[in-house]
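Quick heads-up: structures coming right below.
Two complexes, one shared chain (subunit A), two partners (subunit B, subunit C).
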Partner chain A sequence: MTELSIEKLHELLINGEVSSDELVKEAIEKSKKLQKKCNPFVTIIEDAEGKKVTDNLLSGIPYGIKDNYSTKGILSTGSSNTLKDYVPFFDATAVVNLKKAGVVAVNKTALDEFGMGGTGTTAHTGIIKNPWDINRMCAGSSSGSACAVASGVYPFALGSDTGDSIRKPAAFCGIVGYKPTYGMISRYGLFPFASSLDHCGVLTRSVKDAAIVVDAMKGKDDKDLTTWDSSNINLYDSIDGKVQGKKLFYIKEIVDLDNYPNASDELKKHLSIFNDSIENLRKLGVVINEISIDKNLLNVIPSVYVCISCAEATSNLSNLTGIIFGPRGKGKTYIDMMKDYRTNGFSPLIKRRLVIGSYILQKENQERYFVNAGRVRRLIVDKMKELFKEYDGLILPVSTGIAPYLDGSKDELSKDDTAILEEHLQIGNFGGFPSITIPNGFIDNMPVGINVTGNCFDDANVLNIAYALESTMNYKGMIAGGNNEI
Partner chain B sequence: MKYKAVIGLEMHCEIKSNSKVFSSAKNEYDELPNCNVSEIDMAFPGMLPVLNKECVRKALLASLVLGCKQPDYIYFDRKNYYYPDLPKGYQITQMHAPIGVDGKLVIDVNGKEKEVLIHDIHLEEDSASLDHYSDATLIDYNRCGVPLLELVTEPCLNSAEEAVAFLETIRRIYQYCDISDADTKKGQIRCDVNVSIMNEEDKTLGTKVEMKNVNSFSNVYDTIIYEIERQSKLKDSGRYDEVIQETRRFDEETGTTIRMRGKVDAVDYKYFVEPNIPKYKLNNKWLEEIKKSIPMLPKDRKKMYIEKYLLSEYDANIIIKERITADYFEKCVILGINPKTAANWLIVQIVAYLNKNDIELKDFYLQPEYLKQITDAQEKGIISSKQAKEIFNKSLEEKREPNNYISMDNGQISDEKELNILIENILSNNTKQIEEYKNGKTNLFDYFVGQVMKETKGKANPIVTKKILKDKLDN
Partner chain C sequence: MSKFTSAMVDDYADKLLIGLSKEENDLVLKEFDIIDENMQKIANMEGIESVEAMTHALDDFTYDLREDIAKDSIAIEDLLKNCDNYEDREISVPKVIE
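And now, the complex of A and B:
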């Protein structure tokens, strides 16, 4: 039953057709099976118990937590050897808020180490496989969460998103991934990657479910100064599907096939699916325009992202020394101890990013890389905000197609000619914009996704447009491989 | 002095506040290590800094008092470096937009005015304290995250006297404004001292040498004296190129400075803006409120004491040295004690008592209200100045109000004649005891004193009584 929507599960719970305990037990059983198939979990909380069912839509419902959220008394590793035994003594605020709603955590999901990767191949517990095809990746970094939600373990799991870490795995796994406006959900207790880009968010199988969960997670938090009061926003109640007269734009330099002279059949199909979705929306009365943006500005997005995220990460991960927590390193001096701990604890990819970040922050390089990246970030955000004055949102396809095969894939920081199509979701992090990915088609039996991004604080509008689009297709509530057993 | 010395100071002072600058842990000195800590201070994964508004207010207060310019926006920077006393791996400080810049303060150096230029003053967090042993280092995180104000002067001081006078002045301002207790004994103040020397006529500054973490004003003094001498000797002997830009530390035992590291080993702190604390637009209304809360500063109080209360400059200087002393004095004046009388009591009796008993004025039993009981009685002629001092001591000894020892209608009997008659009477009724006393039972002396007290209902002056009794019994 855990493959059903939150609304449906709530109805069943209220009517006594199923108990919270039964749902929790089912989620745990499915977790165990899925673990063998796809390896998406760091911890399965086998002793999780059902909770009281109340008027709250979420009460009694099982869910998963990405392992870079601090969970009191439950192992929280960030999928890194540096924290392989770390059991926090405090809950992340988002987790506290969900607890209040009455949900039940049944597992902690694996990720690319500390969220710093987009493949699901760098977790300390091993590669996470795509439930639609175990030879393919889930993308990342919220790989385990995407895998589990797509497999019907539960209706939702928490994710975090610094570049596209919720929204890309959602696309590759055929589900919904939503990251709200920066500061809507407290980051307190989220292991930081790049503080100015990090967002909490959720992976679900429908837009409405995403709205319900974020309604429960969000709120101003005294422990996170970047949060804002969203008490006047109720995302779930705002969804009415009325989109007549709404205006969206897409960027010519990203979606026009002419940009890709060597386009593969997959890419062609992907862009054609995108155009179908555009037509669907137009039929609902949405105005969609093509906008041209200076290609130079778009091309630097991945570099800007690397500069800012690596620099902040270098500093954010400096608390990992093995002195206060984590396995103490060996050595005669504190420097040797830190070195030993960090050398053995971090995967090569992280080390690469930390070295880049350190280089970028060096006095002699800072102006050229870090400060300039900040300036370009501002230019990109200003351009978007200018467009958002006229438009309700930006609509673009996610990635260049379907999930790549695991063998032969490497987590690379940038790719060449399709880089901008691959990385444009980072715009949402630059500006802290609300951004949601939903499934919009299949290529070779693998799902692909489409993304809607809007202006800050305009989450309800963005979700409503995504909901309307979702309603024109049959991909809501999909389970990987159909409703067969995992 | 043969050469002109140029000195710049960096003064770190802990701010007084209930909680730490970025966490809710207590900001309090505690003997027990690691009891005032939170997950934020210890940088557990996922923690975020929460800025303490009271600390910002006090930093702004300092910025205003020191005549600095305040920034349009308040924000912070990360100073990145690895050391076990810094759990986050970075210190949150202000590099780009200090809470105050370009300040100016006129100080008094042995009666002469000196203008000191302040480069900037900024708010930051303190690090943990480390205790090094031969085979281990212990870390106490109580101090980690304690609010610090760092004040940086321009290189505009020219002697150890000026440097210490400046530090004393700042310390006093911080105390008067309740920004800090500024207690060097508790390690609340630490200084970095930059010293260079040059010929009087030189246009460019000499090579700057920095002494880190000098922890008392007397050490600041000694450091400067030593360093000027060291550099001068090298310059004298044509070896000035051996004075290099470096960081040294002051060694208390030998009274010398010792090299720590050279300029080439300088750490690149990779400063960048702290992303977790949004920029805060400073509004004038708040600044005005803070301005209004500035109390009368020591310099102005001194002026008032001399001009209005007619104290000598010497007395005024002693009284303003600590805010608590000045407050005590002003309270006395408000209560109606003659200012000169109050000053005398404060400077002579009270200070001596505090020093002798090693207690602080805040813990002193005889608060101004009680002192007034004594001075009033003295003024009305009920007690002599000698008796006043006795009552002062007695009251402190027994922790009872002075009024208990002052009686309006029947004061202490100190008149020797009167006591003589009384004692003669008592002795003539106790011949047996006198005999025993003379035979060696000397502890009977107290018995005779007791008899006198009984007769006078305790009003006989004990000192005079004892004197008379001794004369009569021992002769």
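And now, the complex of A and C:
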């Protein structure tokens, strides 16, 4: 039953057709089976128990927590060897808020180490496989959460998103991934990667479920001064599917096939599916225009992201020394001990990113790299905000196509002409914009996704447009390989 | 020819107390070149120096200061649970001064 929507599960719980204990037990059993198939979990909470069912839609329902959220008394590793035994003494605020709603955590999901990757291959517990095809990646960094939700373990799992870490795994796994406006959900207790870009969010199998969960997670928090009062926003109640007269734009330099002279058949098919979705929305009365943006500005987005995120990560991860927490390194001096801990604890990808951050933050390099990256970030965000004055949102395909094969997968900057199509979701993090990915088709039996991004604080509008688009297709509530696959 | 060298990469890593293998060093070098090429494009943008750098996702945070009221603190015993090496209520640290 855990493959059903939150609304349906609540109805069954209220009517006594299933108990919270039964749902929790089912989620734990599915977790164990899925672990053998795809390896998406760091911890399965085998002694989790059902909770009292109340009027709250989420009460009694099992869910998963990405392992970079602090959970009191439960191992929280960030999928890193540097914190392989770390058990927090407090809950992240988002987890506290969900507990108040009455949900039950049944596992902690694996991620690319500290959220700093896009393949699902750098967790200290091993590679996370895509449930639609175990030879392919889930993308990252919310890989385990995406894998588990797509497999029907439960209706939702928590994610975090610094560049596209909720929204790309959602696309590759055929589910919904939503990161709300920056500061709508407290980041207190989320392991920081790049604080100016980090967002909390959720992975679900429908837009309405995403709205229900974020309604419960959000709220102003004394422990995170970047949060804001969203008490006047009720996402779930705002969804009505009425989109007549709404205006969207897409970026010509990203979706026009002419930009890709060597386009693969997969890319052509992906853009064709995107265009079909555009037509579906137009039939609902949505006005969709093509907008042109300076390609030079778009092409530097991935490097700007790397500069900002690596610099911030270098600072944020400097407290990982193995002295006050984490396994202590070996060595005669404290310097030797810290170096041993960091050299052997961090994966090669993390080390690469931190070293890039170190270079960028050198005094002599800051203006050329870090400050200039911030300037381009401003130009891009200002351009988007100018467009959002006229438009309700930006609509684009996610990635160049389906999930790549794990064999030979890389996680490094590319010079390919498709790089901007692969990385454009970073715009949503630059500006803190609400952004949601939903499934919109299949290529070679693998799902692909489409994304809607809107202006800050306009989350309800963005979700409503995504809901209307979702309603034109048959991909809501999909389970990888069908309900009996795990 | 790249302006970056393996020795430079090792130096930047060492400043972070991180050691790199030869393979890791090579990968960083490759990415340095791509980033530098793109950052050169940015440096060449007309008027870029007059743009105010954006340092956070939102520009209009309103910071409410909390009341200065003491709250219960976390028990030291709980804090020490994640420490490998401590005596009584204090963390045992490596010798810093020779």
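Heads up, the rule we're going with is that the second predicted complex is superposed on the first by the 483 of 486 C-alpha atoms of A that agree within 3 Å, B and C clash if a C-alpha of one lies under 4 Å from a C-alpha of the other, contacts with A are read in each partner's own complex, and residues count from 1 in each chain.
What we mean here is this: a contact is a pair of C-beta atoms (placed from the backbone, for glycine too) under 8 Å apart; a residue touches a chain by one contact, two chains touch by 3 or more.
Since the model is a prediction, treat every value here as computed from it, not as a measurement.
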item	value
Partner chain in contact with A:G481 - subunit B first, subunit C second, else both or neither	neither
Which superposed partner A:R187 touches (first subunit B, second subunit C, both, neither)	first
Touching partner for A:S70 - first (subunit B), second (subunit C), both, neither	first
First (subunit B), second (subunit C), both or neither touched by A:F325	both
First, second, both or neither for A:G219, with subunit B first and subunit C second	neither
Partner chain in contact with A:Q366 - subunit B first, subunit C second, else both or neither	first
Subunit C versus subunit B, contacts on subunit A by residue	C
Subunit B versus subunit C as contact partner of A:S358, first or second or both or neither	both
Subunit B versus subunit C as contact partner of A:S315, first or second or both or neither	first
Interface residues of subunit A shared between complexes with subunit B and subunit C	86, 89-90, 196, 222, 225-226, 314, 318, 321, 323-325, 334-335, 338, 358, 362
In the complex with subunit A, residue positions of subunit B that touch it	39, 42-51, 78, 80, 82-84, 87-90, 137, 139, 268, 270, 272, 275-278
Residue ranges of subunit A touching subunit C (in the complex, touch as defined)	85-87, 89-90, 182-183, 196-197, 222, 225-226, 228, 296, 299-300, 302-304, 306-307, 314, 318, 321, 323-328, 333-335, 337-339, 342-343, 346, 348, 351-352, 354-356, 358-359, 362, 368-369, 371-379, 381, 412-415, 429-432, 456
Touching residues on subunit A, where the partner in the complex is subunit B	69-70, 76, 78, 83, 86, 88-90, 92, 187-192, 195-196, 222-226, 311-312, 314-315, 317-321, 323-325, 334-335, 338, 358, 361-363, 366, 370
Touching residues on subunit C, where the partner in the complex is subunit A	8-9, 12-13, 15-21, 23-24, 27-28, 30-32, 34-35, 38-39, 41-43, 45, 48-49, 51-58, 61-64, 66, 74, 78-79, 81-85, 91, 93-96
